[in-house]
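All chains are identified by letter, namely A, B, C and D, in their written order; residue positions are counted from 1 within each chain.
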Amino acid sequence: MPTRINFNVETLGKCKYDSPVKKGDFTGDSDRILYEISLESFQRAKTRKSDPLTMEVAGPRREIFFDPNKTRAGFVTCGGLCPGINDVIRGAVMTLWYVYGVREIYGFRYGYQGLVPCYFHDPLRLTPQMVEDIHKEGGSVLSSSRGPQDPKVMVNTLERMGINILFTIGGDGTQRGSLALHEEAKRRGLKIAMVGVPKTIDNDLCFIEKSFGFETAFSAGADALKGAHEEAVGAPNGIVIVKLMGRQSGFIAANAAIALNDVNIVLVPEVPFKLEGEKGLLAHIEKRLRTRRHALLLVAEGAGQELMESEAKKAGKDASGNVKLIDIGRFLVDSFDTHFKKIGLEANIKYIDPSYIIRSVPANPTDSVYCLQLAQNAVHAAMAGRTGMVVGQWNNTFVNIPIAMATMKRNTIDPDGQLWRNVLESTGQPANWE
Amino acid sequence: MPTRINFNVETLGKCKYDSPVKKGDFTGDSDRILYEISLESFQRAKTRKSDPLTMEVAGPRREIFFDPNKTRAGFVTCGGLCPGINDVIRGAVMTLWYVYGVREIYGFRYGYQGLVPCYFHDPLRLTPQMVEDIHKEGGSVLSSSRGPQDPKVMVNTLERMGINILFTIGGDGTQRGSLALHEEAKRRGLKIAMVGVPKTIDNDLCFIEKSFGFETAFSAGADALKGAHEEAVGAPNGIVIVKLMGRQSGFIAANAAIALNDVNIVLVPEVPFKLEGEKGLLAHIEKRLRTRRHALLLVAEGAGQELMESEAKKAGKDASGNVKLIDIGRFLVDSFDTHFKKIGLEANIKYIDPSYIIRSVPANPTDSVYCLQLAQNAVHAAMAGRTGMVVGQWNNTFVNIPIAMATMKRNTIDPDGQLWRNVLESTGQPANWE
Amino acid sequence: MPTRINFNVETLGKCKYDSPVKKGDFTGDSDRILYEISLESFQRAKTRKSDPLTMEVAGPRREIFFDPNKTRAGFVTCGGLCPGINDVIRGAVMTLWYVYGVREIYGFRYGYQGLVPCYFHDPLRLTPQMVEDIHKEGGSVLSSSRGPQDPKVMVNTLERMGINILFTIGGDGTQRGSLALHEEAKRRGLKIAMVGVPKTIDNDLCFIEKSFGFETAFSAGADALKGAHEEAVGAPNGIVIVKLMGRQSGFIAANAAIALNDVNIVLVPEVPFKLEGEKGLLAHIEKRLRTRRHALLLVAEGAGQELMESEAKKAGKDASGNVKLIDIGRFLVDSFDTHFKKIGLEANIKYIDPSYIIRSVPANPTDSVYCLQLAQNAVHAAMAGRTGMVVGQWNNTFVNIPIAMATMKRNTIDPDGQLWRNVLESTGQPANWE
Amino acid sequence: MPTRINFNVETLGKCKYDSPVKKGDFTGDSDRILYEISLESFQRAKTRKSDPLTMEVAGPRREIFFDPNKTRAGFVTCGGLCPGINDVIRGAVMTLWYVYGVREIYGFRYGYQGLVPCYFHDPLRLTPQMVEDIHKEGGSVLSSSRGPQDPKVMVNTLERMGINILFTIGGDGTQRGSLALHEEAKRRGLKIAMVGVPKTIDNDLCFIEKSFGFETAFSAGADALKGAHEEAVGAPNGIVIVKLMGRQSGFIAANAAIALNDVNIVLVPEVPFKLEGEKGLLAHIEKRLRTRRHALLLVAEGAGQELMESEAKKAGKDASGNVKLIDIGRFLVDSFDTHFKKIGLEANIKYIDPSYIIRSVPANPTDSVYCLQLAQNAVHAAMAGRTGMVVGQWNNTFVNIPIAMATMKRNTIDPDGQLWRNVLESTGQPANWE
């Protein structure tokens, strides 16, 4: 791991108010956990006599930076839907209101657009009564949008409204936007805490063990697909292709496949495959049809993009700045159709894309609890004057992480690790396609 | 109603064996129910002094046609998947085995292909142990296929195997195939009972109040779409288009919309619409976006086919002989995209097609019970020598209906009836689009 | 059927206002359906030259009794919870508001207590916005209570508030209370329409094919009990006793058992059983344990009350006037425990009572649609000046039924009919216990 | 933490066979993780110059102890049902068979009884085909029983059958039984690997972050209770008491309460309460009824046992050796009934005990994946000759833990930690009852 790793979270200044948190253990100012926990890394650090890499433990502090009576907090939710957004909003509003006594809480609507006056999205006033039941529905009560907005204009809005804390619920782009806001505010000498709750349904954050909504998402994926196997066996030479979320990592597809146990092939961005050749996908499926008469494929949306280069070049980027993916599911349908027509084998090909159904379900109970805890720790961090950071979980402990670290790179499936081994054993598919 | 209506079910001959059914009331040989039940129709019939139209009541008969010890029964499942197929198979096998003592039961695989030797689909031997838990999974344990096969070849198979009863689980085409088998068998003087359990997930059978699997299907549709509203409101000017099953009738879309209560527009084959014009769909949605900022549309797959005539001509028919439908969902996505780009209104359009998820779920408890009862009545009818018929429900009573009647025409939503009125009130959409 | 049957619904007077219902077919003033639909009953009626028994068809009338601008409607929900109550309230409020233009709608809280000033339950003002999402939760937004209140006091309240229509959602007792209100109002010359939506989770109404919430209830029962079989087989000689609702009829237990297909014994009030003796329950279970090592029993709460007479005498009645049932589940646990200890067979007995979990779930999609239709027809009836009646369904048609008829007796399972035959075949239990 | 902590796992001897595991990274023989991960503990350890406490990392080893061709593995499942047991069996059988090539796999039935000949429970032969779909059902395909059996007799069976590896799936008592087997085998010089997969639905294992089935259990609890709030508000002064699992720790109740967000009071064994007095439970509920008119209590089964001492003394122990708990739910019902009758406040008290429904559901997808991974690591450990151990998870890493450690004490909720703080904030209940 390169030395540029820096897990030190920025603060707005000295904490001078007594925390109104009444119950429980406070997190000490120097409470940190080790980033690496192997015995080997311990011995290395001991030998080096240098300090090991550590992360700041999240939680309530005995002293806080903001006077709750004068604090104004704002929320913004950006990017695609993900189970648990409303749980995070609800949990943070409840903690601000009941634990800290903050009474001025605003929800900016439609992502960063809500901070830009010309869009005319009036902010909502958030109260406990208003957020009480929002976790029972999926989506975001604040709605969302994609793409950045001008930091200067947005900080103008924050300044005009007297916002001290801005909670950003969103992915990489959103958190980079939050960093830009943080820098703009700092330039102006404004003491605004920018605290993020990182959202990525793909679970691809590199210093965060589990992103909220991920478990709900892959579980909903597994549930929605219980019948896919039946569709595959229901017709002669039935092939069912299911596309699930996963732009750069296949965690949802891999976990859903393991949980389902009916999937025959999983394709993810981390493990390239090819169509043609003796060990290619087409030959593999043909063999399956001739022996087992059906095949069920689970495909992460980012898989196989390299096979569609000519189209990919034309596709460009979406409003969030993500490369537009070519529809790998459609591509496979066409490839299979051509192939099996050519060799004269009647195949019944079906394509299922349940992504929009999955990402808009309410959080399951596990994620509900997790979202609440992330939200509380985000509030604790913000009230203690932490800024330019996101809350996360590492080594089973809630931690505060600088945005710069959290957005440094993406987490992906290790093709040599336990998860992918599980997929290979569960599907019986070849370890590689060359 | 024209006089050509004839609800008389054909029989193979005189019943000469005592029924082994021990428990309960037998259905009398002349037990029939009135087809029309209004007081007015009663008075008309009374005045006319002619007999009113009646249907044969289903159920066990005191005397049966087949000797259970010598009976060989077969099953075949055709067409698309539908919740409850396995419940029907299970219920009929259990009834044959435990109630009548029939021990030779076969399942032909992959639809009518299973009756044609050159496909090499060996029939399965069905026993109670084998079917015990099959209702817990969706799909069909016998698999299915589309399209007809040569009746002569199939009757050869039935004759060679000594099958006395063939249960056909399938839609219109399947039942017409069953009628062809019945006629071919009759021509050869074979006493084979052909009894159908009509399957149509669209609920579009004209003399049958409710087709099995329909409730499960629209409920699964409603469940799967709970998040569609969240997707619509989740983005600025969010438009979500959901396509549900319904080739010639919109019962699934209509019922799901009423149950969901979040849908803004329902489009069905029975109520034509147009895109352009002051009262057209585009103008209506544009108005919604400007005032409400989102729109959720539920579209039956057969809706708006007349708008895509040029493509429709090219499409041809599928293996079942159905006209291939043009994808109305995709057509709407493109139309909306073009329109809102033209007028410079940024719209976020999403398209969800959950059909394959819905049709492969297991039957819900209501349908489980209903499937069992249909299956039992199919067995009772077959054992009593009824043939060329399907079982159904009319005026809340199980009845035997000649295949010719059941396939005469399709049931559709009455645009002036209660169901469509419910849709209009639930969505607030215009009653017509001209 | 005795001649005292009278399906004529009372009206408040001549309809003089044009209905604002715009869309669809009106129900004619003389539209009625036959009560009996068998060919035999037709011939009997024809011969007798008397009129056959008929029921009034429900639905919107071309002319209505109340001026919508001056109409004040009230709602009251009584008795135990049942899935769909909120759907009925929601549907009726929406129909009153949007279809008829009624703007003064009140919800009385905590059942008939809400009509009695000394309880200090202020009525709620109901609007579309308020009821929009209430169908997503179980229970009743108006809360409920058991037992009657003084009709005079309640009519005082109605008179004081100027209520023209009172919708009562509740069971037998509630509808009898509604009849008392109707008679008291009539005595005072008040034109108040009393229209009930009969609620009985047990499905035991005699002239109504299906009570709302019943399908949800038995489905929730079946779902909740998917693991009961696993509990039974999970321990040596495991006996699991599950108690479901069903005071005088076992419809929920019977349907859940058929849908589940894992149940070994169903006990209902309609089929008496005894514990002792060669063919008694204890001997039957003992035999099962020795051969199959487990037993799963489903027991309707009203079953076997005659076995516990001495306790029953002491129990008295509850606030609704129902005889307090002795806990048959607990009685069986104790009886089995004693028996198997006596004979030295170690049995692992477990008792599950999921009733409160089942009755408070939201209506499933099928019931949601059904509740809406009942609610609309209740509103149509009330606006047309019908009173002293409940809405129901008969021969698959919505009908208006006088309260006196609907509360005349209870519907029970016919031990010789198809449903119980299904139970016997599904469980393999003896047809009788003597 | 006392110095008697010893995380060193015993081994049967030197690994001498090449592992057939083909894919992925092997765990090194000295791979260990730190038990404590705080910076402070690091600095302490560094200063002390002693080795820090570490745990052995689980996973496949390059060399293994057993020759797969000659290995015979056995499984036994003991104690109460818990979601995921079948997933563990399935995952371990699949790994033994497909990854290691072990072909002789046996399932002992009804817990330790299955190892004792006089019970006549023949072991099942387990194959991939047999376990393929067992994860779709709850419970245990091997059935279970409570209580210990004579280790000598059981080792006789293992020896006679030539079992080399015994997997024990069960709680504390089961693992202590496994240790006794281990010691007996060692005494005889038998090389049998005893590897446990610790099962405790209560999540109360002290060196294991999360026990399998726990997430499914509290999620099922939360789901089953969605209507409990409706029951509470559905009647005047409605009190609903729900009892959930949790003998010595309230994790299920706490997590379900947080996820549900409708619960007003949570009672757990870790936080004593009293009934009487100004700050007692009765006074608290009375206040709630007078202001909010309803109360929903969630009670862990082990809560408040100290209040029922006289009864507790009489209760004794169950077959597993656990102290028999007095029914706290029933006790609260009676206490409330007495209290509110005494003060003349009509309260409608309902009691729900869904425990048997919850523990028999199938594992949810999250637990399915987790169970598979536990199972695989159990197999890896056994094949590498580890014994007298259980697999667990610590600091988000799979580890091997000596049984002696895992059964040393129980994990409980920290009344000063985040989880209980969440409960207090979510319910608004007092932090203490004195």
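Simple rule for what comes next: a contact is a pair of C-beta atoms (placed from the backbone, for glycine too) under 8 Å apart; a residue touches a chain by one contact, two chains touch by 3 or more.
These figures come from a predicted structure and were not determined experimentally.
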item: Set of chains whose contacts include both subunit B and subunit A; value: none
item: Inter-chain centre distance, subunit A versus subunit D - centres from mean C-alpha coordinates, in Å; value: 30
item: Gap in Å, rounded to a whole number, between the CA centres of subunit D and subunit C; value: 42
item: Centre-of-Cα separation between subunit D and subunit B, whole angstrom; value: 47
item: Set of subunit A residues in contact with two or more other chains; value: none
item: Those chain pairs that satisfy the touch definition; value: A-B, A-D, B-C, C-D
item: Subunit A-facing residues of subunit D, complex; value: 22-25, 30-34, 37-40, 42, 45-46, 52, 54, 57, 59, 94-95, 98-99, 132, 135, 209, 215, 218-219, 222-223, 255-256, 258-261, 364-366, 368-369, 372-373, 376, 394-398, 414, 416-418, 420-422, 424-426, 428, 431
item: Subunit B partner contacts - residues on subunit A that touch it in the complex; value: 81, 110, 113, 119, 137-140, 143-146, 224-231, 233-236, 240, 350, 352-354, 356-357, 359-361
